[in-house]
């Protein structure tokens, strides 16, 4: 049977192998469309043939929920992530707290983040900096990229001395070092909700459950995610 | 080549199919539009001109979104078209539509410039020899603008190969259906460590487009030589 | 207009500045490149042709990324240029560079088609009257290709207005510096409920580009009338 | 077979306002550069839209602005030889020649490509493209293209201007055949007195956008004061019959009983022919000349002596062969005492004919 | 002041291989359509690159393929009147005329725009664009443009082909002035026997890409067998002095003591002038003619009688005014018993001069 999954682009590394081994096991064919959560949500809103949606933030999932496009009772918070401060490979680790001299560390440079009002990683980052009282100071120095990966690229290329990205992204790029982890309580919890759409097949529901299963958990954790309990 | 996986070959094949169809199907319409803009004075000419350029002016995401609204299964055009068996939503046909629309202004401009360069006295000569307007177009204007048509087609093809913003927003990124080279590259760039995979696809993309470009140059030189009689 | 906030006005102004500079600065280079491609036979011509088309073929993100690697402060060109006071990274100049490069193939193609349509016999006539090559170009070729130059410029301007993929990847999104209309529109589209704000900016974008388009049409008709002597 | 043309059109700095009606045959539009000849022809072809006008070709109304009739150019069944060649650069010479044929399909008279090619001397060029032709070659191909479209009306705007005398001499008979054998009316623009004299049935003289004279060729050309080319174009046309071809290369004609010797002529013995004698080539002598190199002497009687442009007068002599015009200086005219009724001999050198 | 041209160039279906050297003055390139005239001129202008060749204008080597010299066209200081007008469509007529002037700046001889405009009759057109000109108007502007660029060498490819006789007559003196007063060498392509006869210092006859005859105009034109236009171009040129202007519009010339009457002539009394008498306009009479309309009678003696093309012979008469050529039919020649040494009178009508 064919199962179509719409998933946030940043999940590809972890999700591809999970789907592959699931497909091998069940003979289902799993097609995963990776794109930005906003685009995927809108497409589902306008009738995309998705069975399962894994979003990188709750807002878009909420929207689909309100519109009654989700199969009742299938929504769950699947994964979580952590927000980290990254820098050049040889940069010194720092303690992230209200005393962090972020502006000093930046010097003339820019702080790379995702769009702080639009892209989840940017929104979380801004919230964290705000709650730590650091935001007003660094706000003018922020370079906002259209997604986390571009923010990471700015740091990796040495254009920005520091950046705020997900732990999963930081892990995968050898050109950057994680300088510190933002305290969980400094920002709303980062969740990747998943749900089946209203007309998902039983096979799709089974795959959704598999995503919450132990084998998937191993893969997700290997990629740096925190698996949230069902 | 073994360094491209089967999924990647699929993306290459799909990109070719999408770009070719986008180019071939829009060509007659492009020629007609260019002719109308170059030669006819009618109310609404400026509006048509504006509409043609719209995909160039708008961020591709917006164009994709508008396509989704219009040609999605729920859209004012998508619905009726679906009734008669033409479906764009989340099909490769939709990717071709998006690519075609994004490339349309480039194609039309190139052809229009060529039409404007045709000496109207040659067309008048054809008329006195008994050729009616459409015949004049086919036997005089069209052969003379062939280099421009070729240029327009190759621009459109190249643009179609590179298009992803509108495509991914409109028809998502479904493997085997709407996952073109460009969207695949985009998706790879979104995941940690995807750069090298992206690079491989970029190379493939460049090779194909350069091939098309050189073919067009070669044809164009031949056509020009025929016309100039040298 | 009160329905645009000050930040939005800023984005409008910036977009205009970026697009105008991108167009104006690349125009001479575009004319030169078009002339070289149309008239000169030199080794590497095909390569130049390919290079010019590259931004069209590649997904904009890739172009942006390549720009970042090349013209960033650490880049092989960015570094030396910075020494002499030319900085692109995180500046509006970088946005203009990105827009200019993305628009370059469109500009060059339009101008090249016009150059190819110039009757070489007129240039020969100018030569016999004592004009050296550059003078022939300035006094004969250039006036004759003005419609094509205009078309190229307006295409480039429109494309520059709509460009965001390469821009945001290269210079990210810094309010007042690199936050153009297109990136603002993109940002609005990323959050649920942002559509109406995006729509307002889309309208502004369309109005500006249509204005430019109609201006160009009008100029072009005047130029054409001058040339045809009607 | 008549052609009725009334066109008025206003351009900045130029007003065209012509009105003429001509019978079948070749009508030559004559006039200085910028007089409006091409403008008239374009109007007839339907390529420019007059502000007001009426054009009727052989009973067929092609244009009548009053009645709102305007036949599209491609339905006018004309063959237009433009002032500049206007060949299709993307087609070979053959392709250019054949272009009009396919649209003429049903109208019979299948243009004979081979014959036309032969006369125009463009056989070896058939596979070339116009870009590789010389100026005169282009104009010959353009002429062929128009002729092969089997038109009902031919418009020729200085078709032979780019050609040498020898080539012209080969092509002129083509137009004569159109006029005499096929009866296709021709509107012919020319600056050349020779062409006019040889071809014109009717002459319409234009100047500054207006018709300043029109009428049968003989009348208009016989009146130098209205002929825009000046007295050089004045001349008389005689009807004659081919009497004999002589071994020394001369052809003897019989013009009203008088023998006329001309350089080798193509016509068969017995055939009718027209012969033009330019006024300035005719000398007058009161006595029958003797021991003189001119072979043609036509006895006659002075009919009129008209003041003409320049230092001369135009003398019209009535001879058995028909009226002959002579352009002589005023000084000679008075020395000889030329006046109406005086008997006199016209002397014409064979080689000027 | 000489012009040396050696060009060989190979095209598919056409081989150009010419070699000639001419002295100052106007050199007319003569030959049928497709003979290679334009190709030669393009070679001299530097617009086509010969496979092999050498071009030296007035001592200045413009091309020498052997020595690898090739002066760029814009440095050749030529004024080229193309076979087709080639006006710049984006410039007004004035702009076109002035185009070459600015590059000629330092070379003195500031072209006189007003004077040229006047002679060419294009004053009222100065502010128009070429698109709004008639065919003949275009060719006049093109001529003006080339002349105003103060060239050291003029190339004119059928510059007057599109013009009427009256206009031609006005423009021809311009070329005569170039030849006689300014000494600018001219390479002139023409099909017109009149133009050749009037202007040519030297004639180079081309056929199928080769020079078939070349030499001083008098020699070449006096020898109809090599003149491609046929005997019509044969003629003699006499040197004369303006003797008097008469009230009846005639000018009296003194040619070696003999009076010659020509239609109103521009020269001042006492001025030297050249006079061409076309061979076919000369009648021969054994007796001094009387009571005849021709005013000019030149007594002389037959020097040679040469067989010529067509049905005639060319008679060369020695007269006090100089040698005169007459083209008469073979039949007349034998009737009159023309042979060397025979005394004879040449009769020339005033109006043919």
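Letters A, B, C, D and E name the chains as they come in the text, with residue numbers starting at 1 for each one.
As a convention for this text, contacts are C-beta pairs under 8 Å (C-beta built on N, C-alpha and C of every residue); 3 or more make two chains touch, one makes a residue touch a chain.
In this text the structure is predicted, and so the values were computed from the model without any measurement.
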item	value
Chains touching both chain A and chain B, listed by label	C
For chain E, the least number of touch steps when starting out from chain A	2
Geometric centre distance via CA averages, chain E-chain C, whole Å	56
CA centroid of chain D to CA centroid of chain E, Å	26
Chain A and chain C, separation of their C-alpha mean positions in angstrom	35
Distance between the centres, which are taken as Cα means, of chain C and chain B, whole angstrom	20
Multi-chain contact sites of chain C, meaning residues that touch two or more partners	61, 65, 164-165, 186, 189
Multi-partner residues of chain E (each touching 2 or more other chains)	84, 128, 132
Touching chain combinations (by label order)	A-B, A-C, B-C, B-D, C-E, D-E
Complex contact set, residues of chain A against chain C	36, 38, 41, 59-60, 62-63, 110, 112, 115, 117-119, 142-146, 150-151, 153-154, 157-159
Touching residues on chain A, where the partner in the complex is chain B	4, 6, 9-10, 12-13, 31-35, 39-40, 42-43, 46-49, 147, 149, 152, 168-169, 171-173
Residue ranges of chain D in contact with chain B within the complex	45-47, 72-80, 82, 84, 86, 88-91, 99-100, 103-104, 128-132, 145-146, 149
Contact footprint of chain D on chain E as seen in their complex	11, 13, 31-34, 37-39, 83-84, 124, 128, 132-137, 140, 157-158, 161-167, 191, 193, 228-232, 246, 248-250, 261, 263-264, 280-281, 283-287, 289-295, 310-312, 326-333, 336, 347, 349-352
Residue numbers on chain C that touch chain E, as the complex places them	121-122, 124-133, 135-136, 139-140, 143-144, 226-230
